[in-house]
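Shown below is the structure under consideration.
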Amino acid sequence: MPPAYCLMPIMFTFVRTLFRNLSRKPATRTYPFTQREPFANFRGHLTIDPAVCIYCGICAKRCPANALVVAKSPKSWTLDPYKCILCSYCVEACPKKCMTMRPEHQRKDA
Amino acid sequence: MITNIIPVTLDTLLSKVGEIFLQKYRLITISCTDLGEYIDVLYHFDKNYEITNLRLRLERGQEVPSISSIYFSAVIVENEIQDLFGVPVKGLVLDYGGKMMLAEASPKAPQANCPAAAPAE
Amino acid sequence: MTRQTIIPFGPQHPVLPEPIQLKLVLEDKKVVGAIPSIGYIHRGLEKLAQQKDYIQSIFLIERICGICSFLHSMAYCQGIEEMMNVEVPPRANNLRIIWAEMHRIHSHLLWMGLLADSFGFESLFMEIWRCRETVLDIMEETAGGRVMLGVCTVGGVRRDIPPELIKKVLATCDELQAHFDHFIPSILNDYSVKQRTVGVGVLTKEVALERGVVGPVARASGVVMDHRVAKYGAYANFDVEPQIEQDGDCYARSKVRVRELYQSLDLVRQSVATLPEGEFNIPVKGNPDGEVISRVEQPRGEVLYYLRGNGSKFLDRMRVRTPTFANLPGLLAMIPGCELSDVPVIILSIDPCISCTER
Amino acid sequence: MTPLLLSLLVVAPVVFGALAWFLPDGKARKGVVAFSAIFMIALGIFTATQGAFHYELGSWAGPASLLLEAAIMALVLGIAVKVRSWPIGIMVIFQLVVAVAEHVMAHEGAEHGVLFILDPLSTILMLTVSVVGSVIVYYAIGYMDVHAHHAPPTNAGNGRFFFILIGFLGMMNGLVLADNLRWLTIFWEATTLCSFLLIGHDGTEIARANAKRALLINTFGACGMSLASFTAATAAVGATGTLTGITTAHLIIPMAFLCLAAFTKSAQLPFQSWLLGAMVAPTPVSALLHSATMVKAGSYLVLRLAPAFAGERFMVVVAVVGAFTFAVTSALAVSQSNAKKVLAYSTIGNLGLIVACAGIGTPLAYTAALMILCFHAISKGLLFLCVGTIEQQIGSRDIEDMGGILFKLPMTTTITMIGQASMLIPPFGMLMSKWLAMEASIQHPVMLVLVVLGAALTVFFWCKWLGRIQTASFHSHYTMEKLPTAMLVSVVILAVGVVGSALAILPLFHHVFVPVAAGAFKLSPSTLAPLNDVIGFVVWPVVITIVVALALTLLTRRKITEAHVSMPFLCGENVKGTESYLFRGPMEQTTEAWAGTFYFLSIFDETRITQWSNLVAGLLLLTLLGVIKVL
Amino acid sequence: MSAFSKSPWVVHYNCNSCNGCDIELLACLTPMYDLERFGVLNVGNPKHADVLVVTGSVNHRNAPVLKNVYDQIPDPKVVVALGVCTSTGGIFAECYNVLGGIDKVIPVDVFVPGCPPRPEAMIDGFVKALGILEEKRGGKDTGSAEKPTITLFPPAVE
Amino acid sequence: MSSSPTFLQYFLTLVVVLVAPLIGGILNGFDRKITSRLQSRIGPPLLQPFYDVFKLLQKKPMVLNRIQIMYAYLHLAFMILTIVILALGQDLLMALFIHAFSTIALVIGGMSVRSPYSRIGGQRQIMQMLAYEPVLVFLVIGIYRVVGMQSGTGSFLASQAMSLGQPLLIPLPLMFVSFFIAILIKLHKSPFDVSTSHHMHQELVKGVTLEYSGPFLALIEITHFYETFLLFALIACFWGTNLLVGAVLAAVCFFGMLVVDNACARLTPVWMVRFMWTVPMAMCLCNMVWFYL
């Protein structure tokens, strides 16, 4: 390997980028103070319109993570958001299309 | 579908692998399937994007000789087979003794389909 | 004369984002041995895939690894499609390539940042990861997930990329290429970076062949091996030139990956340019039966799926051999003889993905 | 009074030694040894209070010296025959010839100089020999008891060992006091002989081989001594047979020969190998002969002659040899894990520093050299004794094995730490004198570079060792180790000496070292006032700082209980239990995590560096031959 | 908020994660999201940390490691669990080598759902963790976090 | 002259000792802020280093043994003593030795635990000392030659630098550059952050400070503040004739340090020693030669 001093000129190749960064505004998205509009396609969290749902249980059967439990009587639809992997397989499987995948992530207080 | 399957037996395995080694094949991996009555072991080798397979039929309780002395890279996968299928592998260059993938408290031989080890569904 | 130094390297170690342990043995300041201890992240995923139906398994298989998730699902779907004799619509094939190559870009950028971090070049890491966000944004916009795309399915893809987004994809490619020029010179030319990578962790061609390493690690050692050459999926329509280096050191591995970044950009553009109109998925009926081997070139190298169906919707066997699994024996050949401070660089130079390895 | 003192200083140890030899093993012999130690300390201090003296023997001194020399030569010749070393034999015969020739050819009056002299300089060394040496002799009582148990069976026995050890003190006193070069040569040879016998004490293969090498190299040095005496006595101008007589440039040839002798005795490069080999001897021997006293004789000689030759170009070479030795041995010490070898290299380095300071030849440098001479004896003596104790307690002299001894041997380890700290921290004498040496070497850029690099490397190996010996896990209580009284007491005395001298460094500097230096350069102490300023301020602030830090530590420490103790960071794989340094490794095996000390064997490769530096040092020595042009 | 919760230093342990959450956590530290705005530093060493961030579920081998890392963080400390694997085991819950969420091994203060949670969600989790850290400094027992399920019933027919 | 400092000097020294950590802390805040901006981030608040220290002081202590506590205190105490000695205008070389002992205390503290990473970090810290100490000694000696050897004492911070008539930078330009490089090592900046590192950098899991936590880590942080202040105060003294210019010089150097820190990969310890013993050392020697000509 050549000795250090022979190669000195090509040190600090990154300096240009650093000064470029310094001269511009930071790239940071200042969440939570400003919030970006989520992409429409993003799979953020699962919602359901309980009025349309027929409680057939197909979604629960399809769910790969077993996050959904559907009871026929009394009728109930239970989602464990701490199991849901947001694959939206259930949304596609639903015969009534009563579920939607919202683009916002689930807020802690929601 | 898989073509190019050469059946081998426990006796001819090592000589066949040695032959393949000399032909400068690369060992991709070893796949093991527990089919209930016997265990099916497939050795995948590759040369110029073409796969050659060796198929070994392993009766329950049989010991399989390690090819890690020929292909060092078989060490990890053979240890894994030993861990997950409970198939004893003889002559491993680096033997983890069934504790490579699994911890002390894990279920033993979890991928073997024998009733004792199969998890309740 | 002096006693050997024995230190655990990992599982909880900041330069390794993933848990793997290497028991390092040092004599004086030279590393003379490294024994890996794995299993920190073994879940038993192959078994679980055999317990879920073959469509549900896609979502499971995506989560073998969060970095090359799309390529896992793509390899799996290709295998199932082959077993069931499903002809994938050409548009879907091209879309798959767009996402696959974007995944490769994101994975290589991720790797490059982590490499920079491993030799303490924090601002380079920051710059690269800032660039990586551009890829993530476009993936999020097109597929609906930042890293878990969830778009690949048996018989095609689950989502189409509409024309206005296609434009955005192309724009992103240009933006990326412009951004690369800011930091690629630092990876390739910077004196301090070269000091840490040139001549470190050398893997000769002979050892590379013998240990069966794959992907950029093999290519950096002069082994011509890139499974995209084997023309699976829409790669049949493109010429993919494997990027080869001869030196086999960490620097060669960086060079290979840097060139693959540009290559991937190119493939995305080609794939967009030749994007056919039409269906992007077809419904699939029936259950898989038979045995099949599906191989796909992931960012880290060739992945092999061995699938065995039995005519039911559950598979008899779902076996994955991931690239890192194949590269680990090679890693063990690189480490002895290096210095302790080179160990993180060498480990990262194979781009380890332990969660792939252990499943 | 003077003759009595003289004979007591020189002869009494021999008598005591003989007594110890003939007494049976046991309390009686120990008593004699202990008494002689106390006696020598008292005698040394008493002599020092008497002030300077000169003493001339009668006209019988000349023939007597020849006789004595012949006797010693015969002894050495016998040894040479026994160990089958013809070079030694030839050199001995050569010396004898030179001695006879000198006797015949010496100028009138050269024979009758002042024969024994006690001036401030020799007082310092005499005191060091008497006090530090006697403490080490006392230590040997305890050490040899244990040593006999696990050392290889010796053919000589402890009786002879003590005879030589105590007798050596007399020879050393003689060496310090003798002014006549012929007598100096006799004592010089006598100490060599002591060294030879003690190195070979254990009677093992390696001990015998190393003893032989020591004898060979020192006999070579003695040839130089003999020639120095001859040339001094027969010089055309200003002929004198005395050390103090060598003052003018005309006598530069004897000076050169003296330097040669001094370099061998002080193990300067390229003669260092014998001192390293000498480390096989029982530790008190290493402490006494090979670190605190005998090896100082060489640098003492240079130091004694330095003022006269200050400014000569010749002295620059001497200084460079010293500084070079310091730098190289410091580098070599980095690569050593054998504690005694580290100490040996450090000793050679410090001797080199003395020689370098002597070579610089300014009052400041001279003061620095004096301080090193003195403080090094105390610190290094202490460290050797500590290593001896540790070695006997843990059965190893490898630094790597010294981890965790803090709670096994709390007392010894603490004292060792003090000893090591004294090489590193102000206001301990060694650091202060090194500082002075550095300030003094500013005049000579080459030396400055060597000294600075050497000093940096010194810090390197001391730190590594210091870090290793106090490595320990948490202990809420510790129990004092049980050591033989002799060992404990002598170590404590030296430790108190180290700390005391550090606290008293200002008065010592003002009232001892500066006057001596001023005297040597025939200046009044007041002209050295700037020198006084140099050392001025630092001592008490440092002491206060240490005390404050320790007080804060004690305050905090009380609050720290077992509940605050956590496991070490082992990447999360700790195995809980009694030994918290175990981690779960591959195959679920538990392994002990261990960070060895780095010795950088590939960089500080002992063999390679030794070869190269011996070559350089040999060339430097050859330049000394340049003095021939005076002829 | 006192100085205490303005300087949360983070140590990250990847339990059984597929890397998805890990890389998103790293992305949080990079310029786009820049957690250092809140004083967050990734120290990588439990001895210096205040916040333990865990990704992935627990298996038989890494459970003791997780416990060790947790034990080596000096009090007061907060545990943030990222992703559904960390909460319940997620999709891997049925795997033979998976024990379940990390709350089986250590007490958890904040669960962040998502697979993987997007960086914004992680920032929300951190902000919540800071509040808990502040309370813990005051010696308050904050209990452990809950993982509520969402149950919906058909609206009552009028 | 060093003989006896006046009351005013003592008072000023006290002020310096009290103010130094504040300035050092702010400097560290700027360090993190500017580093963030160089990386296109917003970064932490300016007072973040103080928050960190306050937080650490409030944490529960956690130790491996009791010996390491002593060395944390010694580390801080000797750093303060260095500043006291310099502020009182005492000998520069002795100040350097005391400063070195402050670092040695850290090393031994790190090595006194058996934790392997900490020990290795400690040994690397010694290598750092090995790398920069000669340069600093040469610098001190260069200052001696400039300020005048008779006194043997360089009352550096106070009068002499000013009474010289010309800034030290003029006769010692190469030494100044070497000193700047030494500062990079002292403050653990890339490419020399081998024994431990700051911010998000990870070398050997924080190396020598690994096993210090809570209040004891706070001590080390405070020492770091003092050290930052000390080193940049020394830089300012290179233009001691006009301390305003000196401050600008220090600010420029500070920024330069951050740029170098952010534009370099970490190099290996052996490289560091080799480099320091060749390039900066040679520069020092060249500069020295001027005085002997």
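As written, the chain order gives the labels A, B, C, D, E and F, with residue 1 at the start of each chain.
The rule is simple: contacts are C-beta pairs under 8 Å (C-beta built on N, C-alpha and C of every residue); 3 or more make two chains touch, one makes a residue touch a chain.
This is a predicted model, so every value here is computed, not measured.
J.: Both subunit B and subunit E are touched by which chains?
T.: Intersection of subunit B and subunit E contact lists gives C, D.
J.: Measuring centre to centre with C-alpha atoms, which chain is farthest from subunit A?
T.: Here the answer is chain D, farthest from subunit A.
J.: Need the central chain here, defined by C-alpha centroid distance to the all-chain C-alpha centroid.
T.: Looking at where each chain's C-alpha mean falls, the closest to the middle is F.
J.: When I count C-beta pairs in contact, which pair ends up with more: E-F or A-E?
T.: The comparison resolves to A-E.
J.: Relative to subunit C, which chain's C-alpha centre is the most remote?
T.: D
J.: Starting from the mean Cα coordinates of subunit D and subunit E, work out the distance between those two points in Å.
T.: 62
J.: Once you find the CA centre of subunit B and the CA centre of subunit D, what distance in Å lies between them?
T.: Between these chains, centre-to-centre, one finds 68 Å.
J.: For subunit A and subunit F, what's the span in angstrom between their mean Cα positions?
T.: Their C-alpha centroids are separated by 46 Å.
J.: Just how far, in Å, is the C-alpha centre of subunit D from the one of subunit A?
T.: Roughly 74 Å, centre to centre.
J.: Two or more other chains in contact with one residue: find those residues in subunit B.
T.: As it turns out, subunit B has residues touching two or more other chains at 99-104, 110, 119.
J.: On subunit E, where are the residues touching two or more other chains?
T.: 13, 30-32, 34, 37, 42-47, 59, 61, 65, 69, 72, 74, 91, 94, 96-97, 115, 118
J.: Can you list the residues of subunit F that touch 2 or more other chains?
T.: 36, 38-43, 60-62, 116-117, 120, 199-200, 202, 205, 210-211, 213, 262-264, 270-271
J.: Mind listing each pair of touching chains for me?
T.: Touching chain pairs, listed by label, come out as A-C, A-E, A-F, B-C, B-D, B-E, C-D, C-E, C-F, D-E, D-F, E-F.
J.: Quick one: which bits of subunit F touch subunit A in the complex? Just the residue numbers, please.
T.: Checking each residue of subunit F against subunit A gives 36-43, 259-260, 262-264, 271, 274-275, 278-279.
J.: Name, in rising order, each residue of subunit C that touches subunit D in their complex.
T.: 1-13, 21, 23, 26, 28-30, 35-37
J.: Which positions of subunit C touch subunit B when the two form their complex?
T.: It is residues 35, 37-39, 42, 44, 46-47, 51, 82-83, 209-212, 227, 229-230, 290-293, 302, 304, 306, 308, 316-317, 319, 321, 325-326, 328-330, 358 of subunit C that touch subunit B.
J.: Spell out the part of subunit E that touches subunit D in their complex, as residue ranges.
T.: 13, 45-47, 64-66, 68-69, 71-72, 74
J.: Under the definition above, what is the set of subunit B residues touching subunit D in their complex?
T.: Residues of subunit B touching subunit D: 96-97, 99-100, 103-104.
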